[in-house]
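Down below are the structures I want you to see.
Note that chain A is present in both complexes that follow, paired respectively with chain B and with chain C.
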Partner chain A sequence: MDFKNFVREFEENVVMVAEGTLEMSTVLENLEDWDSLAVVSTMAIADNMFGVQLDGEEIVSCTTFGELIDKVKNQLSGA
Partner chain B sequence: MQDPFSLSDKTILLTGASSGIGKQIAETLSKQGARLILVGRHQDTLDETKGYLNVNLNQNHIVENFDLEHVDEIPGWMKEIVSKHNVNIDGIVHSAGIQTTSPIRTMKISEIEKMMSLNLYSGLALLKGLSNKKVNSSGGSFVFISSIMGVVGQPGIVGYSASKGAINSAVKSSALELARHGIRVNSICPGFIPTKMMDQWSKLVTLEKRKETENQYPLGFGTPTDVAYAAVYLLSEAARWVTGTSMVIDGGYSCQ
Partner chain C sequence: MIKSYIKSIEYYVPKKIEYNDQNEKLTKKIGINQINVVEEETATDLAFMAAEKLFESGICEREHIDFIIFCTQSPDYFLPTSACLLQARLELPTKCGAFDYNLGCSGYVYGLSLAKGLIETGQAENILLLTGDTYSKYVNKKDQSVKVLFGDAGSATLISNVNANEDYLGPFVFGTDGTGKENLIVRNGGAREPYTEEALMELEDRYGNLRSNANLYMNGPEVFNFTLREVPPAFFELLEKTGMAIQDYDRFVFHQANKFMLEHLRLKLKIPEEKFTVCLENYGNTVSSTIPIALKNEMEQGNLDDNNKLLLLGFGVGYSWAGCKMVWKNS
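This part shows the complex of A and B:
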């Protein structure tokens, strides 16, 4: 699965940072635009791009961007 | 003296009766003696709702299968059913509606279009149908089920707010235009009512956020019955002098 598009969409439209800013170790809470609407937007793009249904609580439990990507990957592999 | 809230001589067309607020409205209107025309896409769920209704007053409720997405066909279809069942439609409650939570940063106009179509356009088409003398010739009452989110705002629901706010504005102009035909037009603006439509919202937000929201309601969350009673009032003779208004039923949410 190509996550590049997801990352790009996440950077531009969810947390609104410049392309290439995010790393797997980036702490989500430190991003200025990481708020409750960002959580809903994340669910929307995961659904639109991969057909994956993420839970609000699941997303909020992620500390880093990498953990969030892992959640999406887990859902995709049916874990 | 006749009960001013009785609907016993009225035929009311109701959309969205398969579930949620609409289903409760069907039950409550039926108890008040109304004869109902239940409209929806799914024959089986409509039949189920009809099965629940109190028929002690021999109302002989009607079920009509119709997809409100076919907006342009609505007025013509209304003339057909009036002729088919030999009735005069005295009132309409447009309770069918959808709500999607979609932050601006990722929203799609096509999603908003779906909400506008069902929440607003189909309601306006029903209103057009009601204004036709073949459908209603003795005056009537149109009730839109709007939302408190058409009066106040909330992040994440721009499209939904737009559709409900549009209803509240449409109510004013249409009330003025149809007054001389004896048709009153109003909307009900409910606050948060836990129903299947709101399950999506409940899944999207954290438990903390849900509790926070409930605390913003001085009288707690509402029930479908709270809305149904308002619909009874607006449809009845008791509201003969009420038109062009958006009735807020929200447990005190918007007065803060």
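This part shows the complex of A and C:
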């Protein structure tokens, strides 16, 4: 699975930061654009790229970007 | 054979306009620049105004209407039925049938189905299908998650009988999943959870939005997931039922939820952009009125020709969804 593209898309279109800004330890709530629309946008790109449906509450419960990536990976392996 | 068809559509929006902040990225994503909101008017007033426009156009005499169906989630009273009030206000014959039904975004397609049933079984000849809602009355002004999305509007569709061999309305597909009730709800004020002082207490959510249990609540991510889960299967079921492929349709008119969701669905379903209606910039999500407003706008822009094949699909609160094929007939 191409997580590089997912990360790039997430940076560019969801939280709108420069490419390569995010690290696994980045705290999502510290990002200015991390809001309810960002949660929906994350679900949209996961659906587009991997055809998986993420649970909104689970995304909201993620503290760091790394946790979010893990959720997507888990969903993929479970699907 | 007796067939039913849409003879005319009108809509009405209240005068007061609220503008979404053009500098907000949210505004661009949801594709809604402005919405109309009521001040003193009710949903019944909006439907009334739309119906008056229809009669003023001269397409139909009041005395020929023999049924009123009114889709609303904002009735004037618990009882009596708003459609009965509309019969009197519109000065329609007392031999009219009239009833309300409570649905949101799937409501218009349901209304077409009901009208088809009444007409094609010979129970009615000219049906006034009205929609009207005033979600702005339920929205907390400090709740951005819904305030920027929902606009107030009413619509009136005249559905009449005609002698024809082919269907103009249908086939239909329907779907319901009541487990989604929590995700789009006005919790208090009905019989299950009446108003209490506590219900009117405003609480702040994690994004800084304020709302009480008497306000509209929407769990955006969950509603989005519902749409991804249910709309594509319903869409393909309808294609199969009609024996038609995407390229056989001239136009797709979906419930105008927001641009972000519509665009996502369009790409997922592989519908060409030029055949896909997006009409919410100036009205927002007007619940059961989005589809008739979109149809009327396409009509006015000259995008609907006689015998065009359309696919309509509404989805939302309930959860409830419904879709149908419709053949456009010039009047």
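Here, the second predicted complex is superposed on the first by the 78 of 79 C-alpha atoms of A that agree within 3 Å, B and C clash if a C-alpha of one lies under 4 Å from a C-alpha of the other, contacts with A are read in each partner's own complex, and residues count from 1 in each chain.
As a working rule, a contact is a pair of C-beta atoms (placed from the backbone, for glycine too) under 8 Å apart; a residue touches a chain by one contact, two chains touch by 3 or more.
The structure displayed is predicted, hence computed values, not measured ones.
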| item | value |
| --- | --- |
| Chain B versus chain C as contact partner of A:D55, first or second or both or neither | both |
| Which superposed partner A:V40 touches (first chain B, second chain C, both, neither) | both |
| Partner chain in contact with A:M16 - chain B first, chain C second, else both or neither | both |
| Overlap of chain C and chain B interfaces on chain A (superposed complexes) | 16, 36-37, 39-41, 43-44, 55-57, 60 |
| Contact footprint of chain A on chain B as seen in their complex | 101-103, 105-106, 155-156, 203-207, 209 |
| Complex contacts: residues of chain C adjacent to chain A | 25-26, 29, 145, 206-207, 219-222, 224-225, 228-229, 260, 264, 267-268 |
| Residue ranges of chain A in contact with chain B within the complex | 13-14, 16, 36-41, 43-45, 55-57, 60 |
| List of chain A residues in touch with chain C within their complex | 16, 33, 35-37, 39-41, 43-44, 47-48, 53-57, 59-60 |
